[in-house]
Amino acid sequence: QANDTLAKIKSSGAVTLGVRESSGLGYTLGSGKYVGFHTEMGERILADIQKQLGLAKMEIKYQPVTSQNRIPLVVNGTVDIECGSTTNNTARQKDVAFAYTTYVEEVRIAVNAKSGITGIKDLNGKTIVTTTGTTSVQTLRKNKRAEGLTFKEIMGKDHADSFLMLETGRADAFIMDGSILAANISKSKNPQDYKVVGEVLSVEPIACMLRKDDPAFKKAVDDSIVRQIKDGSLAKLYDRWFMQPIPPNNVKVGLPLSEATKEAWANPNDKPMESYEVK
Amino acid sequence: MIELKNVSKWYGSFQVLSDCSTSIKKGEVVVVCGPSGSGKSTLIKTINALEPIQKGEIWVDGTAVHDPKTNLPKLRSRVGMVFQHFELFPHLSVTENLTIAQIKVLGRSPDDAKVRGLKMLDRVGLMAHKDKFPGQLSGGQQQRVAIARALSMDPIVMLFDEPTSALDPEMVGEVLDVMMGLAHEGMTMMCVTHEMGFAKKVSDRVIFMDVGGKILEDCSKDDFFGHPEARQPRTKDFLNKILQH
Amino acid sequence: MSWDWQVFCQDTITQEVGASCFGKGGDITYLDWMLSAWGWTVSVSLLSLVVALVVGSLIGTLRTLEGSPWIVRLGNAWVEFFRNIPLLVHIFLWYHVIPSIFPAMKSLPGFVLVVFALGFFTSARIAEQLRSGILALPRGQRYAGMAMGFTTFQYYRYVLLPMAFRIIIPPLTSETMNIFKNSSVAFAVSVAELTMFAMQAQEETSRGIEVYLAVTGLYVVSAFAINRIMAFIEQRARVPGMIAAGGGGH
Amino acid sequence: MNLNIDWSFFTWELFSNFVLKGLYFSVILTAIATLGGILLGTLLALMRLSGRRWLMAPATVYVNGMRSIPLVMVILWFFLLVPLIIGRPIGAEISAIITFVAFEAAYFSEIMRAGIQSIPRGQVFAGQAVGMTYGQNMRLVILPQAFRNMLPVLLTQTIILFQDTSLVYAIGAYDMLKGFEIAGKNYGRPIEAYMAAAVVYFVICYALSWSVKRLHQKIAIIR
Amino acid sequence: MIELKNVSKWYGSFQVLSDCSTSIKKGEVVVVCGPSGSGKSTLIKTINALEPIQKGEIWVDGTAVHDPKTNLPKLRSRVGMVFQHFELFPHLSVTENLTIAQIKVLGRSPDDAKVRGLKMLDRVGLMAHKDKFPGQLSGGQQQRVAIARALSMDPIVMLFDEPTSALDPEMVGEVLDVMMGLAHEGMTMMCVTHEMGFAKKVSDRVIFMDVGGKILEDCSKDDFFGHPEARQPRTKDFLNKILQH
C-alpha cells in the first residue's frame, strides 16, 4: 500500500521530519540545527519508531515548513511527520491525520505593561495586531461580533513583525498564541515592559501531523507520545524549553504548563479544535 | 552678419577647432568643405551655440554667442539650421513639424503659424504632403520639409550641414534646387557640402578646413576653383580625389 | 486531494456555506473577501504605477541632462538605492525604522506607504528604461530641437520625450505587469490584498490549493488586462511610416 | 527615538550560522538561473523569431504565460504539483532551481529577442553571404553581438533575480534574506537584521553592477 | 556564369521584381542602376538566394539557385558579396573577419586561412590594420576589408550593392580603385552603383531598372552612354538628374 510510512522508513532507513524555523514550539539555531519543544519531542517519537522497527541506523532529515506549505508537503509525501505548531481541526482532518494532542495553545492578549488594558473589553477603539496566516485572526473576528466591539485590526507579516508593531506603538495589543507571545516578550529588549493579560480567547489543540489512512504509523506515533507522558519525560521536556533559559539568548520564556495542556496529557486524544470549549 | 574671431574648441585634450576666424556678410553664400573629421560640422554648430566654444568670440547679427549671458533659445530661433539626417520630429505630422516651434518659441497663433508654415511648404513644392508623417516621405522630401521648417521661423541666416549627403543620388537635385533658389533670393547661407557643382554655381566664398580644425583656405569661389596653383597642396590633393570619379 | 470549491461560499466567521455565495447583511463570505482583496491589489498597483511613472520619468529625464553632473549623480544615486535593495527590505525599513526616527511618519497608513515604496522601487527601473530610450534617439534630434530655439524643457517636452516613451513601451509593459505582481508585498504592511487573503484564507479553511488557484487566476487576469491596455496604447501611439520603434540599427 | 539599535547580537558566528548558508544558496540559485535562463531564453527567442508558426506559437504562449504569473505562485505550484504528478517528492532546492530557470527563461528570452532584433539585418545577410549555415550565423555572428549589446539589461535582470531568490521562502528553502529574517526573529532583533540585510544586498548588487559595467566597457563593440 | 530567366518576386501583394531576365558571362562586369526602390538590391540578393524568389529560374555556374534542394551555404560560399554598409562583424578583429568563414565554412586550417586572408588584405592595401576592429577603421577602409573578406573565399563571381554610397566623398576613390583592379583581372562582377564614372570606365554592360522591378535597359556601356536617343524616356530622365550636378 502507498500509505505505509513505516515500511517506507524501514526500506529507506530515513525519515523526514517537518519542523518550524521560528515559532514558539520549534525554531532554528542556524546551520541546519532545529530545536524547540515540539522539535525535540518529534525526534524522540522517531527514536521510539527506530527501536520498534529494529533499525540500527535511521537518518532524520529536517524539512522546514511554513503555514502555507505544510499540509501539501505532508500529503505529497515530502514530509513524513510534522511536529511544529499545527492546530488540529476538522477541516484539516479531511486531508491529513493528527497524532495525540501534545500541547494546547491558548490565544491571549499581549499589551504594553503601562497601557492599563486588562482584557478584551478594554480593547474598544484600540488598534490590534495579529499575524497573517494564523487562526487568531478568526478568533478576533468572532470576538468582535460576539462582544460588539469596534477596533482597528492590522496584520503583521510574521510574529516578529507583529510584535514590532506592539513595540513601536503602532498597535495597542497583540493577539496570538500564548507560547508565541511569551517567546517574543522574553526575547525583546525590555521584557518587563510587556505582559500577557486577560481571558483566554480560544484554545487550540496542537499536534503532530501525519498522512491520512496510515493507522500503523499513527499508532506508533501515539504510542510513543503516551510513553513520553507516562514516564514524565514530556513534562521534563516542557520544563526545559519553557521554564529554563534556552538558546540562543539564554533567556527564560517563563510560560508554566497550562491546565488545558495538563488535561490533554491526562487523557490522550486526537480531538479537533471544534470539540474544545472556551472556559 | 556672422563674425568668428579666433575660435578654438577642445573635446577633452583633443582640439577640434584651432583658431578659426572668418566673417560672413549679409546675403553672402559660403561653402565649407574638407576631409571627414576636420571639424566642419563642429564649426557650423558653434554659430548657433549647439556646441560651446572654449576660446574666441562669435557674433551673429550683433549678438555675442560666446557670452554665457546670451539668451540662446532666442538667438537660435533666428538662425535656421538644416541637418544631414533631416531630423524632422518623427511623431509629428509635416504641418505640426512646421508650426510647433513657431507656436511654442515665437508665440505665434496656431493659425498664423499654419499659414506661414504651409507657405514655406508650398515653396519647396510639397503642399500635397502636408498631412503625412516624416516616415512616409522619401529622403529628398524630408530634407525639403526640414528646409521649410527652418524657413518658417523667418531666420536671418541659414546653416546647412551636408544637407544632401544622406540622399539618394536622384534626390540630391531636388534639394540643391531649393537651396539655389534661396541663394538667389539673397538669403545669407553657410553650407557644409561636397557638392562642388553647387559650390561653383552659387557660392560667393569657399572655406576649406583640414584635420585639426584649421581653416586652410578662405577665398572667393573663383580663386578656389580657378587658381589651383595658388592653393595649398592639401587642398589640391583633396579636390583631386573628390573630382576624380 | 479532492476539490472543494464550496469554500468560497463559506461565511468567514461561522465557516458555514450559505445559500448565496455572497454574504448578506454585514456577513461576508470568502468570495466577498477575495473580491475586495483583489480591489486592494488593483488599487495599490495602479496608484504605485502613477507614482512610478511620475518619479521614474522625472529621474530618467534628469539623468540625461547634459552639463549638470550633480543632477545626473543624484539621479544615479536614486536608481542605485532603489534598485539594489529588495522591495521587502525597503518596506520594512520604511514601516518600522524610518517612523522611529521621524515619528510623524507613524500616522501614515500602510496603504499610502506601500504605494510610495512600490512606486519608488519601480521608478528606479522606469528611470533606467527612459534614460536608455532618450539615449537611443539620434543625437541630431536634440540638436534639432535646440536649433529651433526650444528651451531645454521644451525640447524634452515636444521632441525627445514623445519619441523616447514610444520606444520604451515594450519594457514599460513588462514593468506595469511586474507592479501587479510586486504589489503582494503590501501584505507586509497590513493591506488586505490578494496575497494576504490567500495566506489567511488557506489557513482558516484548510483549502490551500483552491484558494491559491483562484488567487493565481486573479493575478493572471490583472496582469493580462494591463498587458492588453498597454498593447492598445502602443497601437494608438504608433507613428505612421515608422517601422516598429527601436529598430533603428546603426 | 525609541529605536535603540543594538548590534552586539550580530556576531560572525550568527552570520555564519544563519546568513552564509542562505547567501550561498542565493548565489548558486542566481548563477544557475542566469546561465540556464539565458540558454533556454535564447532558444525561446530564436523560436519566436523563426517565422514558423508551430515554433512561434508555443514559445509566445510560454513566455507570456510565465510573465503573467507571480513568481512566488510559480514556485509554489511547481513544488506542490510536481510530486503529485511524478509520484515522488522533490527537494525544495532542486524545485527552486528548476522553477527559477523556467521562469527567468521567459524574461531572458524577451531580452535576447530584443538584442537579436537590434542587430542590423545586414549582419544576417553578411553571415549568409559568406556561406554560413543558420546555426553558424547565430553562433558566430548574431548572438555574440546581441549578447554584448544586451549585457546591461541582462545585468539588471540578474540583480532582480538575485533579490527574487527570497521568494523561495514559500517552499521552505532558505535564502540570504530569510537567513537575516530568522536570525532577527530568533534573537528578537528584527530591525537590526533588516538593516544589515539592506547593507549586504546593496553592497553585493552594487558591486555586481559595477563590475558588469567594467566588463561591458571592456568587451563592448567598438563602433 | 549567371543566368536569370523570368524572375519575379513579391512581398505580400507588392511586386518587387517583374519578369527579370539577363545573363552574365564569365569575366563580364555589369553595372545595375536605377531609382531608389526599383529593386536593384533585391535583384542582386536573389542571385545568392539571400532573397528567395517566387517565380522564374536563377542559375549560377550551373547550380539551380531557385531549387529548394540546393545546398545554399555551399553556393553562397562561392559567391562573394559586398554590402552598402560594409557589414563587417564588429565583434571580430580584421584578421578574424577575414578568416572565420574560411575556417568554419570552407574548413580550411586556421593557418591557411590566415595566409590567404592576409594576402587579400595586402591586396587592398590595409596590412597595417590587421589587428584592429572594424569600428576603428574609416568607412573606406572598412569597405576594402569587406572586399578582402569576400575575395579570401575564392569566389567565382562578386556581387556589389552600392559599395560606395555610404562613404565620405574622399574615400570613394579608394574603393573604386580596388574594384577596377578586380575588373581588369577578369573577375566576373555585378555591381549596383550610381558612380557613372566607374560604369563608363570599366563596365561591359549596364542594366537599368525602374520602380516595379522591371529591367528597362540591358545593353552595352557604349549604347547606354553613347546613344541617348535610343533609350527609354525614363532612363534619359534619370541620367539627366544624376549627371546634372
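For reference, chains read A, B, C, D and E in written order, and residue numbers begin at 1 within each chain.
Everything that follows uses one rule, which is that a contact is a pair of C-beta atoms (placed from the backbone, for glycine too) under 8 Å apart; a residue touches a chain by one contact, two chains touch by 3 or more.
From a predicted model like this one, the values you see are computed outputs, not experimental measurements.
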Expressed in steps between touching chains, what is the minimal separation of chain B and chain C?
1
Starting from the defined contact criterion, work out which chains touch chain B and chain D both, please.
C, E
Where are there more C-beta contacts: A-C or A-D?
A-D
Centre to centre, by mean C-alpha position, how many angstrom separate chain A and chain D?
36
Express in whole angstrom the distance between the two chain centres, defined as the mean CA positions of chain D and chain E.
45
Separation of the C-alpha centres, chain C versus chain D, in whole Å, is 20
How many Å are there between the centre of chain C and the centre of chain E, using C-alpha atoms for each centre?
52
Which chain E residues reach two or more other chains?
85
If I count partner chains per residue in chain C, which residues reach a count of at least 2?
1, 92, 96, 100, 209, 250
Chain D: positions in contact with at least two other chains
2, 76, 80, 84, 120, 190-191
Touch relationships between chains, expressed as pairs:
A-C, A-D, B-C, B-E, C-D, D-E
Mind pulling up the chain D residues that touch chain A in the complex?
2, 4, 6, 9, 14, 16-18, 21, 76, 79-80, 83-84, 88-90, 92, 169-172, 174, 179, 181-188, 190-191
Show me the residue ranges of chain C that touch chain B in the complex, using the header's touch definition.
138, 140-141, 143-144, 146-151, 154, 158-159, 162-163, 166, 239-242
Contact footprint of chain B on chain E as seen in their complex:
35-36, 138, 165, 168-173, 176, 194-195, 197-198, 238, 241-242, 244-245
Under the definition above, what is the set of chain C residues touching chain D in their complex?
1, 80-81, 83-90, 92-93, 96-97, 100-101, 125, 128, 170, 174, 177, 181, 184, 195, 209, 212, 215-216, 219-220, 223-224, 227, 246-247, 249-250
Parts of chain B lying in touch with chain C, wherever the complex brings them together
45, 48, 50, 72-81, 83-85, 87-91, 100-101, 104-106, 132-137, 149, 153
